[in-house]
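Heads up, there are several structures right after this.
Look for subunit A in each of the two complexes below; its partner is subunit B in the first and subunit C in the second.
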Partner chain A sequence: MGTYIIRRLLYMVVVLLFVTALTFLIFYVLPSADPAALRAGRSPSPETLAAIREQLGLDKPLYEQFWLYVKGLVLHFDLGNSFVNNADVRELVLDRLPNTLFLISGAALPWFFTGALVGTISAIKRGSLLDRAAMGSALLAISAPVYFTGLVALYLFASDIGLFPLLPGAGSYQQADGFFAKIPTLILPWIILAAAFAAIYARLTRSNLLEVMSEDYVRTARAKGVKERRVIIRHGLRAAITPVVTVLGLDLGILVGGAILTETVFGIPGIGRLSFDAIERGDLATIQGTTLFLALAVVIMNLLVDILYAFLDPRVRY
Partner chain B sequence: MTRSQLRLLLASVVAALALVVSACGGDDSDSGSSGSSGGGNAAQQETGAGKTGGVLKQLGGTDVDYLDPGHTYFTAGYQFAYATHRPLYSFKPDDAKDPVPDLAADKPQVSEDLKSVTVKIKPGVKFGPPVNREVTSKDVKYAFERFFSVNVGGQYPTYFSSIAGAPKTPTKGVKPISGIQTPDDQTIVFNLSRPEGVLISSALVMPITAPVPEEYAKEFDAKNPSTYNTHVVATGPYMVKNDAKGTLTGYQAGKSIELVRNPNWDKSTDYKPAYLDGIQATTNDSNASVAAQQVLTGSHLSLDANPPAAQLRDAVTNRKGQFVQLPGGGFRYFPLNTTIKPLDDVNVRRAIVAAFDRDAALKARGGKFTGDIPTHFLPPGIPGFEEAGGMAGPGFDFLKNPRGDMAVAAEYMKKAGFASGKYEGNEELLLVTGNVDPIKSQAEVAKAQLEKLGFKIQFRTVPQDAMYTEWCQVPKKQVAICGGAGWFKDFTDPQSMLDPTFKGANIFKEGGNNNLAQLDDPKIDAAMTKAAQLQGAERPKAWAEIDRMITEQAPAVPFDWDKTTIIWSKDVNGVGNPYYDALDFTFTSFK
Partner chain C sequence: MAPLLEVKDLRVHFDTEDGLVQALDGISYALEPGQVLGIVGESGSGKSVSSLTVMGLTRSRNARISGEVIFDGRDLLGMSEDDMRRLRGNDIAMIFQDPLSSLHPFYKIGDQLIEAVRAHRDVSKAQARDRAVEMLGLVGIPEPRRRVDAYPHEFSGGMRQRVMIAMALINDPKLIIADEPTTALDVTVQAQILDLIERLRSELNTAIVMITHDLGVVAEVTDDIAVMYAGRIVEYADKDTIFAAPEHPYTWGLLKSIPRLDLPRDEPLVPISGRPPSLILKPPGCSFHPRCPYVREAHKRIDPHLAPTEPGPGGRMHHVACLLPPQTRRSLWAELQHGATPDDAKDRVTVPDDAVDPEVAAVDTEAAR
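Let's look at the complex of A and B:
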């Protein structure tokens, strides 16, 4: 196991280096907004642009710029400076991270367990009215994008503009002071985020479980007289859930890199909102920084999931 | 010196303005500059007594560009700058034409030869915490010097380039400027290398003139880029909340800004009432429709910018007293490059203007609530607008129908030698625009309009920042039509609107060119040179005539005289400042 983890960590470094090079190429080599122009403001003279390019080191050869970027990244986790926010990107990311973690951790548990439960019941009751209703609802939830369901939820249930003012609405998270005060402000975002993912997980669990339940070893277990509940839980669900956990790991990684739509609709200052603002304002340094952070989150979650495999599936050994 | 004397002087020197003005190419977050009335109801605002106290919450979707008065150049930044700093001169909400002394004690004194400007500053104005000392003229001098440093990155240096010793390119570190002298603590003198005293005195309304304490700021300004932005010290009625060391704890980039009262602000030295106890601005709000709805139906709230169409319509039609419309003091247009065939033919250009559905282009930006369709170039609120025909314009047939008139267009195409009434050539015209809305959408409208007249268009979208600096402003790129152009004033003068944008002498081939149509008409140039010397009532008349001459040449399709609508909750007495097109925190109060 130890060797495996070390190997995966080295692999992680290679992936991150590749992503770094790729984002660098996209933002520095391919046509994009000029960081010097961003810094210079409106209608700068060519002389001003030249002076700012020199100031930012943009007049240096590309390989040198890349080397300096990687050096800063490795030695100081320096993600560069946002000329739009006039702030250090690392500080921006770290400042927003707790809000994103708060959002996704509150949504992940319900979406995973609800999704697994509904998927399991649907698989067991395959073809029943319950199965059809559950899968139909799941399809509906998957089809409705978060920015749509989020806005509908706000116009229906937000305490300030909702028809049925039940829960704190957009912007309330930022207004609330302290951990416990923020919890009610996240109920709507949690529900919306969890609903979308739970639907996917329900369908995934159902299809996996149906497939597993037709395997020979399940038939053998039943032939041996093992109780049906035990067959489903011990032999069926345990194997069926493994791919779902893989997806969960990737989803969590992606969401740590930013639940862009949910954070934007509900005004939660997380990494997703930071990315959204950066894209809207052409803030390349922040886009680059959040992209790298997303890559880091995904590879770490991937590693954790692979390790978790060993515990979930007895056939997997490293 | 009286204001009218200043205006007389302005006429004699402002010719030089054209050579130095370059700072107001419009985009979608224009700087603090606009007219006073004529497109909205700014002039009818209630700016009288309000209720003192309370904290206003401003919802917003975008952050300030900078809090540093030496660096900001956009509306959001100006809104906070004018609430927290005291520039030498500023504008009251009901008059964006004539500035009033703010930090200055009186009007600027311009020498006879127009090569020096002297300003006396008020005693008793103090810096907020942690500096806590009285402002002197040396603080204004330092503010100017740091502005020119690359670390600070002042964005409109050309306005002040005539100050003797002013750097031609950004300096490394803050360097002294020999032309700025401070004979005593209450006096600052600007010695100029060119006779541009009136121009300089007019520009003293800009945030560059807000004092900066050198002993405190130099530590931050030594960094690259300067970190003064997060350590700004206030002189105005409000300050961004800070700690004992001056670090702005009330500013979280991309999240929020919290203004509190500046304990060192002395009301007796200021014309601003400052009714509110504080302002909490969020700069990363939710969906714009949700935020606007929250403002209109909630309490103690305002919105930072134009609301989306539905809420805008709701406010304008149903919620009297919950909005103000401020004229943008500029025009948005599609320049037609007069050096590229067939756009070099005036009749082809007139045909394009005639056929163009400018109403559709305006709708791409939000429709009639966000602007008026121009009939010429000088916008409402600028002297010369009425003389140029006001909203009706000079009456050219090719600008008569805002939805386009194909019959008139066909006539002009025939005059240009195209018997079918449509363009018959095969050349592709390059149309460049930004890759974000609304400029992308408006450019798509332009493409459709040109195509219906038979033109073939090569449509290219580029990052918004690159649209100007790497395409439209670079003549060698051969951009035929710029899809996201706009021009907004920093001063209330017709020359500043027409001279940089349409004078042949101002075509800069190497880049930074603001005459995007590259109109080079000797008659227009000569008229501009002559009009620059005029004064009094003759001046707007002359510029109105130039406006007519330019319009007749159809160098561009003008489609929007911008206006900004600011909304607030029903318990708020909102007051907008037409100079920077945003809510004026220093005059706004609660009912």
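Let's look at the complex of A and C:
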């Protein structure tokens, strides 16, 4: 296990280096993206451009620029400077991170458990009306993008514009002060984010469980005279849920890198919203920074999932 | 003695999208306490479905089950699911073909054995564990006290099958159904497992239904043998009769396709040509007729039924479902036994064109239609 983790950590470094190189190339080298021109304002003189280039180190050879970038990244987690709003990208990301984590943590448990429960019931009652209704609504929830369901939810339930003003609407998150004041403002986003994922997890759980229930070892459990409820939960679900937990880990990694749609629709200043704004403004350093952060989050979650798997499945020994 | 298990005219049909699968089409057999019955047939002959039905494991919305399964004086087919559950693993236990996929990969074998005990007995975990260790020792697992905490993947194939046998025996069942218990194992391990089953049977006096496609396996351990084809029993007799005086061409085919060490090595094996029939669209008349070397026109119309015939030397009983006249059957087997190929045998024995065994020819399907 120890050597496995070390090997995986090395592998992680390679992946991150590769992502860094790729984003660096895309954002600094491609002709459409001259940071100096972006920085210099409208119709700059060649002298100004040259001065800015020198100031930003853009006149240095490419490998040296990359080396400096990587060095800053490794030593100080320095994600560079946003030339658009003249801010340290690392500060921007870290400032926004708690909001994203707050959003995800409230949605993850409900979506996992709802998904697992609905999926299990659907699998047991396969072909029944209940199964068809559940899987039909799951398909709808998967097909409808968050910016659509989110806006519909706001239109129906938000206190400012809603037909049934039950819950705080978009933008209320930023106005609310303090941890507990923010909780009610997150209810709608939580529901919307959780619904999208719960639907996927329900379908995943259902198909996994159906497959597992036809396994030989489930037949053995029945042949032993074990009660059906125990057969389903202890023998079926235990095996069916393991891959779902893996998917949960990866999804969480991606979301830590920003729940772009949910954050944008509900005006939550998280990392997703940061990326969205940066893309709108052509803020290359910030886009690069959030991309790298996303890569980091995914890679770390991947590692955690692999370690967790060894505990969930005794056959997996590294 | 009253039989422990009596199966009467058991039919199991499954409604599927492709049509009605006639998995079992009226089979009957009986088993006394401590007796071993071998059920032999190809894949798709219905041998596994028959045993799963006895266990109540084929019950589903699309299954149509009729007939009678009397176990210990009780009709299992009419039993509630809950009563059936109490019986499974307690009075009737099952050993499956592939011990790797039949054991849950996530749980220690000790926990799986303990679960089997506690599903039926109100005992503490520690007591159930002691019982598990005892059973593992009985089936020949070395160091059972340590191995009880191992996972299935940490055992070899043969050891895993021993674990399955321990699990089946743990509640002292009266009947064990072993569904191809040696098929997934190496030949040397097969012999060990068969020895173990034979030993346990003589020690514990458990009745066994041994399902297999391998006549070599049933030769070792069984008392009676039922040969199944396309959802029916086509020949049913004591073991000696099946091996010495079989009367069904399908049984001949099975026997002639076993390699034998006591015959010259250049003796060719004679495979049974063709494939087992579809259970949705069975051939009319005798189901075996498309593959039978001795087929006559009448056999394509008349549905043969299992009827008593002469037992072999020292045999107790013999039933066969072949339309050939009894004398012809015996002459053909005599030729085959002396090394003739089916074609030679056909040349040397006159097979009458339309004579059929009246005992066997119960229903003329063409006429019935």
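In this section, the second predicted complex is superposed on the first by the 316 of 318 C-alpha atoms of A that agree within 3 Å, B and C clash if a C-alpha of one lies under 4 Å from a C-alpha of the other, contacts with A are read in each partner's own complex, and residues count from 1 in each chain.
Just so it is clear, contacts are C-beta pairs under 8 Å (C-beta built on N, C-alpha and C of every residue); 3 or more make two chains touch, one makes a residue touch a chain.
All values derive from a computational prediction rather than experimental measurement.
Superposition of the two complexes onto subunit A shows subunit B and subunit C fitting side by side, with no clash. After overlaying the two complexes on the shared chain, residue contacts for A:P184 are found with neither subunit B nor subunit C. By the touch criterion defined above, A:G162 lies against neither subunit B nor subunit C after alignment on the C-alpha atoms of chain A. Centred on subunit A, the angle reaching out to subunit B and subunit C in the chain A superposition, using CA centres, is 150 degrees in steps of 10.
Using the contact criterion defined above for the overlaid structures, shared-chain residue A:A170 touches subunit B, although it does not reach subunit C. Applying the stated contact rule after C-alpha superposition, one finds that A:G72 touches neither subunit B nor subunit C. Looking at the superposition, the partner that touches the larger set of subunit A residues, subunit B or subunit C, turns out to be B. In the superposition on chain A, no contact is made by A:P243 with either subunit B or subunit C. Once chain A of one complex is fitted onto chain A of the other, the partner contacts of A:D277 are limited to subunit B, with no touch recorded for subunit C.
Using the contact criterion defined above for the overlaid structures, shared-chain residue A:R222 touches subunit C, although it does not reach subunit B. Note on the superposed arrangement: subunit B and subunit C approach each other to a least C-alpha distance of 47 Å. Interface residues of subunit C, counted against subunit A in their complex, comprise 55, 57, 81, 85-90, 93-94, 96, 98, 101-106, 115-116, 119-120, 151, 153, 164, 167.
On the side of subunit B, the complex with subunit A involves touching residues 22-25, 27, 31, 59, 62-63, 65-66, 68, 71, 73, 150-151, 153, 155, 157-158, 168-170, 172, 224-225, 229-230, 252-256, 282, 284-287, 289-291, 293-294, 297-298, 436, 462-466, 468-470, 473, 510-512, 514.
Across the interface of their complex, subunit C is touched by residues 215-217, 219-228, 235, 238-239, 312-315 of subunit A.
The touching residues of subunit A, counted against subunit B in their complex, run 31-34, 37-52, 55, 81-87, 92, 95, 147, 151, 154-155, 158, 160-161, 169-171, 174, 264-267, 269, 273-274, 277, 280-282.
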